[in-house]
Amino acid sequence: MPRIAFPPPPSSAATEALRAEVRDFLKTELADRPPRLRAESWNGFDAAFSRRMGARGWIAMTWPKQYGGHERSALERYVVLEETLAAGAPVAAHWIADRQSGPLLLKNGTEEQRRTILPRIAAGECTFCIGMSEPDSGSDLAAVRTRAVPVPEAEGGGWRVNGTKLWTTYAHKAQYMILFCRTDGGTEDRQGGTSQLLVDLTTPGITIRPILDLSGAHHFNEVVFEDVVLPADALIGNRGEGWTQVMSELAYERSGPERFLSSMALLIELVRALGPSPSGHAAIAVGRLTAHLIVLRRLSRSVAGMLDKGENPTLQASLVKDLGALFEQEIPEIARQLVEAEPDLESTREFSAVLAHTVMNAPAFSLRGGTREILRGIIARGLGLR
Amino acid sequence: MPRIAFPPPPSSAATEALRAEVRDFLKTELADRPPRLRAESWNGFDAAFSRRMGARGWIAMTWPKQYGGHERSALERYVVLEETLAAGAPVAAHWIADRQSGPLLLKNGTEEQRRTILPRIAAGECTFCIGMSEPDSGSDLAAVRTRAVPVPEAEGGGWRVNGTKLWTTYAHKAQYMILFCRTDGGTEDRQGGTSQLLVDLTTPGITIRPILDLSGAHHFNEVVFEDVVLPADALIGNRGEGWTQVMSELAYERSGPERFLSSMALLIELVRALGPSPSGHAAIAVGRLTAHLIVLRRLSRSVAGMLDKGENPTLQASLVKDLGALFEQEIPEIARQLVEAEPDLESTREFSAVLAHTVMNAPAFSLRGGTREILRGIIARGLGLR
Amino acid sequence: MSDSILADTAQRLFAERFTPELLRAADSGQWPAAAWAAVEEMGLPLALVPEEAGGFGVDTLDALALVRSAGSFAAPVPLAETMLAAWLLAGAGMAIPAGPLGIAPTQSAKGDLALTRDGASWRLTGTAHRVPWGRVATAVALLVEQESGSVVCLLEPGDWTVEEGRNIAGEPRDTLRIDAVLDAARVAPAAPGVTPADLFAMGATLRSLAMAGAIERVLELTVQYAGERVQFGRPLGKFQAVQQNLAILASQAAAAGAAADGAAEALAERSGGPLRVLPIAAAKLRCGEAAGLTASIAHQMHGAIGFTHEHVLHHLTRRLWSWRDEFGNESVWALRIGREVAEAGADGLWPLVTAA
Amino acid sequence: MSDSILADTAQRLFAERFTPELLRAADSGQWPAAAWAAVEEMGLPLALVPEEAGGFGVDTLDALALVRSAGSFAAPVPLAETMLAAWLLAGAGMAIPAGPLGIAPTQSAKGDLALTRDGASWRLTGTAHRVPWGRVATAVALLVEQESGSVVCLLEPGDWTVEEGRNIAGEPRDTLRIDAVLDAARVAPAAPGVTPADLFAMGATLRSLAMAGAIERVLELTVQYAGERVQFGRPLGKFQAVQQNLAILASQAAAAGAAADGAAEALAERSGGPLRVLPIAAAKLRCGEAAGLTASIAHQMHGAIGFTHEHVLHHLTRRLWSWRDEFGNESVWALRIGREVAEAGADGLWPLVTAA
């Protein structure tokens, strides 16, 4: 069996000054943000806030300066990330681009794409969305049917795209989409023949329709492509290597603080509701959750340290994600038994509103970025069992 | 999807007099039986107690009188069973025969077997063991290698048996074994070619060796057959139908009170240790377990009612077993956090001793009679998924 | 009306009326007046009322089964509440108004409501919290504890002002600010032995039944989905990991169903004496626990599909998340059982279980 | 000695000495004297003792790693306890006797022990409960709280009578009835800041490390077994249901390992000031929780095989079941953290977590 090492995370002493700075900033920025909005975690969208984060240099922190980045360490980025998430700051306007699309372009984009787009992301002025799932492809990405066909040079070149993407978060507010689609072969080729394309969402032929989630909120969208023509250089990386590129993105993003802080607002409100002298029962429950949080954070920071050293901790990252989702989902189930309050989005009590939000969103915590069952299959493979 | 009905269990009013009688009997019988022994549940062995149960008419309750039975209802039998198990009475000397081997002989045995053996079981004077598992066949019974070969008439007839059985509970105290073995074909035939034989354990060629369990106790045995010759009428039921016969035994025995009362002694000692004024925390925990127990008992009695009517509630029985094992396994995990006491088999405190016993035995609750994974597979099939 | 005809007719009505479109409309705050009228037309709200008080002579267990059935359709109408209010009024010898009726889902009415003499009339003041569908109620039946015993008060629109609220399933849960002068005809002693704690337990029974119904339906939907949805070239239901989860779902449905049945029996067998509360407490707790697990597994199996507003699943799961907290959550009832066990003592535990 | 040489040498020694046969013998009450002598020969019991006090200058983290390693072999010797006793004695400036040493695993020594002046000497009376391997200890180091601060007492055989006891792993946990007159050389103030609560937290750290080691080993054994054992014509590990369980096992091992590392760091970084207790509390709780889950899954996967006395699995799982309750179970440490969180308040929660 391969040994699954989690080396000690890098010392955080060096980043404490940055942490204090971020906390100060957030304290002012979020002074009026009620817990029920903080509970939205990374789904909170505030373009102005994102611009101010950009102005502070807290987006694109690790990227090269020539593309608007700040060449700071992954650990410094980690500190900014965990502080903003723990505080329930509205990061959605810059978060996807900072976390996923920007790094993809940095690694695989054209020089033109890097030069024009990355600085705008860094400034907090450019929102991305990710076009992955389709009506008949959930966790099974190889089943995508959206297709990009090369347009003959004679007809102007580029790609003609047709298909439908589902569950595209914030497509209705984004400027760009990273589109995962088929350029060659068919579903029988499984992962082969898939590619990633950069899509300017103002391109003609794109229709974005809201998909309301179970609480009636609008985060998701259906994005329909009807004979959408993209330029030739819309291709990111290599034709036919879409799957490989996506997998390497996903593996690295399984273990960040976003994987265990989704219910943080509720945990905080729980502590508030219980007050300074909780019953033994309540103190034990909160103490236990706090212990789990401390350990999860250590695991996550350990993976961050490995990533910073250029290692490939795919298995470790999967373990953190699995543990993190369990923790996030456990919090509402525990909190609701400790405080007498029914979940109620519109309640005058913040605890009730935060509880309602968290109860209704918790099921997604073990779906997004691959279901729990798939994740555990990946872990089993890492243990040498498949 | 097939509807999984659990009809209301039969009213217990008619059996209350019997219940009172059993409680009275057990109160006297078990007056000096300390909780640490009651915790053995159906592993407690006391031949004298079994004889007294027999004398009371509380073994073989539903069998025909001509074979020593008492022709009472399945519901009356259920009452005796749950009362003895809840009280932690030592039933092992008669239990396997009453529950499994006797009914098998009643259904499939020869008239001679019925006439000679069943009355002795009913009297609590005849202990059976079940020879199922083998070194390379755990849950996969089709993999048995113990083989019974017909002996030519010229050489005296009957069966010659060779092979090894493992985990045979109380083989060292039993007079008989119901042996599951192969009479025809090979493992490639899967279930086909297996049969059940009645084995008098005093037959030459049989060696019984103890297998100590993880607490060092001796319940299990290895039983080795070396050219053991059994009479021709040792065959129970039909040659080659061993698997079918075993499955119909198992299905009916998935849902009795033995499937959720294994940790009852600990639950009782927990209530005792907490006293009349438990903390809110402890009261909630005990209240929850009690609610689960009430509901499990209702489910189990509902299945008993269906069996009594001659229905075939295989799916329902599997659900009860799965829920029951979870409940039994949860009790030690909850109890240990509510009372300050380390588990200790030799402790002067009964709670510690009962806790130790239950912690160490709990893993078996979801193994015996088919593992949890296999059980859930059976349930899934019942839902129409396989 | 014969039992199974009632059940079948009601189920057909629910299936016809409580369509996904209607559920969505109700979710956005619309009162399904026509559907309610059809339910009322069938007489279902009077199912718990004895024949001599204007009911149809429905067996109590059959009446309660209607609530379970309505739960399985996520019926967005106060059928259970109106049944309960009608029963309460009938017990007090009062006439039962037509239309959806309200009750207050609180264990103790003390503190929140004050009933005082006002000449020949009475004056009732105070607040009733989270009254289901208070905004459309044609009347509200409240049980108020007085020195002399429990008293039923019949309130009519105008007796209260409404502050609208909702549970997370979108069902109205309104706060009624009450200041009413009630003439003698609208105030009467409750049937013997009926206390606010009793009414609370009855409410818990109705919610348990509704949860059991919803859980069974969620199981059905999920098994069906797993059989149809293809991933990685096979139906989901062929994956062992999915099968194991669905087996757990089925066991929760079984437990919830049996628990709710037990509560219904306790309620049905009552005749004047005190309610057998233990089976009811066990049911509300067990159904509440099953509700959470069921919702979680069903969403896990449905994936993103189950999260869309268009899908029927969330009408059921959001009700499960709401109902498990109404009329006492798991902790509330567990504490009640736990105290009873502590009083019975270690050797009283098993007798207490067999008597439940 | 270089760090990894120490670790490797120790591991080789453990593997060589703590064979299944030795574990079984120890289980039946035999003291593995030769194996202990070899451990002592290597100097391992002095690993926490500073060089200036007779130690070998081992880095604290490396010293603690030995306990984890011993845990993974279910080593039936008081290595952790002797390390702790030696550290305690060294801190008080006392000589460290050879042989296995005992300590008392209680949070507060108050009530159980009384230390009084007896002329130029001292008199210590009372009871030390569940002293690991008390029966073979050549000396026992006890920390007694006095008005003046914590005092270390060095007891020798003859100072106590033994009532033998065992934990469920068969490890000696003896009650010592103490009535001893101690000359001044055997009584000394503890190192500054060292209290019984501190010693208890150190014990919790050592048990966390041992659990982390045992859990890793259980994972390894179980993955190996699943890869080898064939059922229904395939290795167990090819079944999706088994894979899902082993993934959970791996995640528990990861959490336990990281938690124990955190506790070890807190202990290692201490220099005179108070211990950072939060990471230690989190570790004991988290490892304890992982211990239960690990044992349960491992036995589920091993089936009946894991239940036999002959198999090595239970030497590890029974230790996990014992160790999670020693030096404070999950509730004890959760309460401690919970009280600290309540004091910090809602807005202090996150800063408290990042400082842990």
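Order of writing sets the chain letters: A, B, C and D. Residues in each chain are counted from 1.
In this section, contacts are C-beta pairs under 8 Å (C-beta built on N, C-alpha and C of every residue); 3 or more make two chains touch, one makes a residue touch a chain.
Composition by chain, UniProt nomenclature: A, B, C, D = Acyl-CoA dehydrogenase.
Keep in mind that what you see is a predicted model, and the values were worked out from it rather than measured.
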{"item": "Of B-C and A-B, whichever chain pair has more C-beta contact pairs", "value": "B-C"}
{"item": "Averaged-CA centre spacing for the pair chain D and chain A, given as whole angstrom", "value": "40"}
{"item": "Centroid spacing, where centroids are CA-atom means, of chain A and chain B in whole angstrom", "value": "51"}
{"item": "Multi-chain contact sites of chain C, meaning residues that touch two or more partners", "value": "239-244, 330-331"}
{"item": "Residues of chain A whose C-beta touches two or more other chains", "value": "280, 284, 373, 376-377"}
{"item": "Chain contact graph, described as a line, ring, star, complete graph or other shape", "value": "complete"}
{"item": "Sites on chain B touched by chain C in the complex", "value": "1, 4, 6, 8, 12, 19, 82, 86-87, 264, 267-269, 271-272, 274-278, 280, 282-288, 290-299, 302, 316, 319-320, 322-323, 373, 375-377, 379-380, 382-386"}
{"item": "Complex interface listing, chain B residues touching chain D", "value": "133, 136, 138-140, 142-143, 166-167, 211-216, 220, 329, 333, 336-338, 342-347, 356, 359-360, 362-364, 366-367, 371-373, 376-377"}
{"item": "Residues of chain C that touch chain D when the two form their complex", "value": "239-241, 243-244"}
{"item": "Residue numbers on chain C that touch chain B, as the complex places them", "value": "219-220, 223-224, 226-227, 237-238, 240, 242-244, 246-248, 250-251, 253-255, 257-259, 261-262, 265, 278-279, 281-283, 285-286, 289, 330-331, 333-343, 345-347, 349-350, 352-354, 356"}
{"item": "Residues of chain D defined as touching chain B within the complex", "value": "27-28, 130, 165-168, 170, 173, 230-232, 239, 241-242, 245, 292, 295-296, 299-300, 303-310, 313-314, 317-318, 321-322, 325-326, 329-331"}
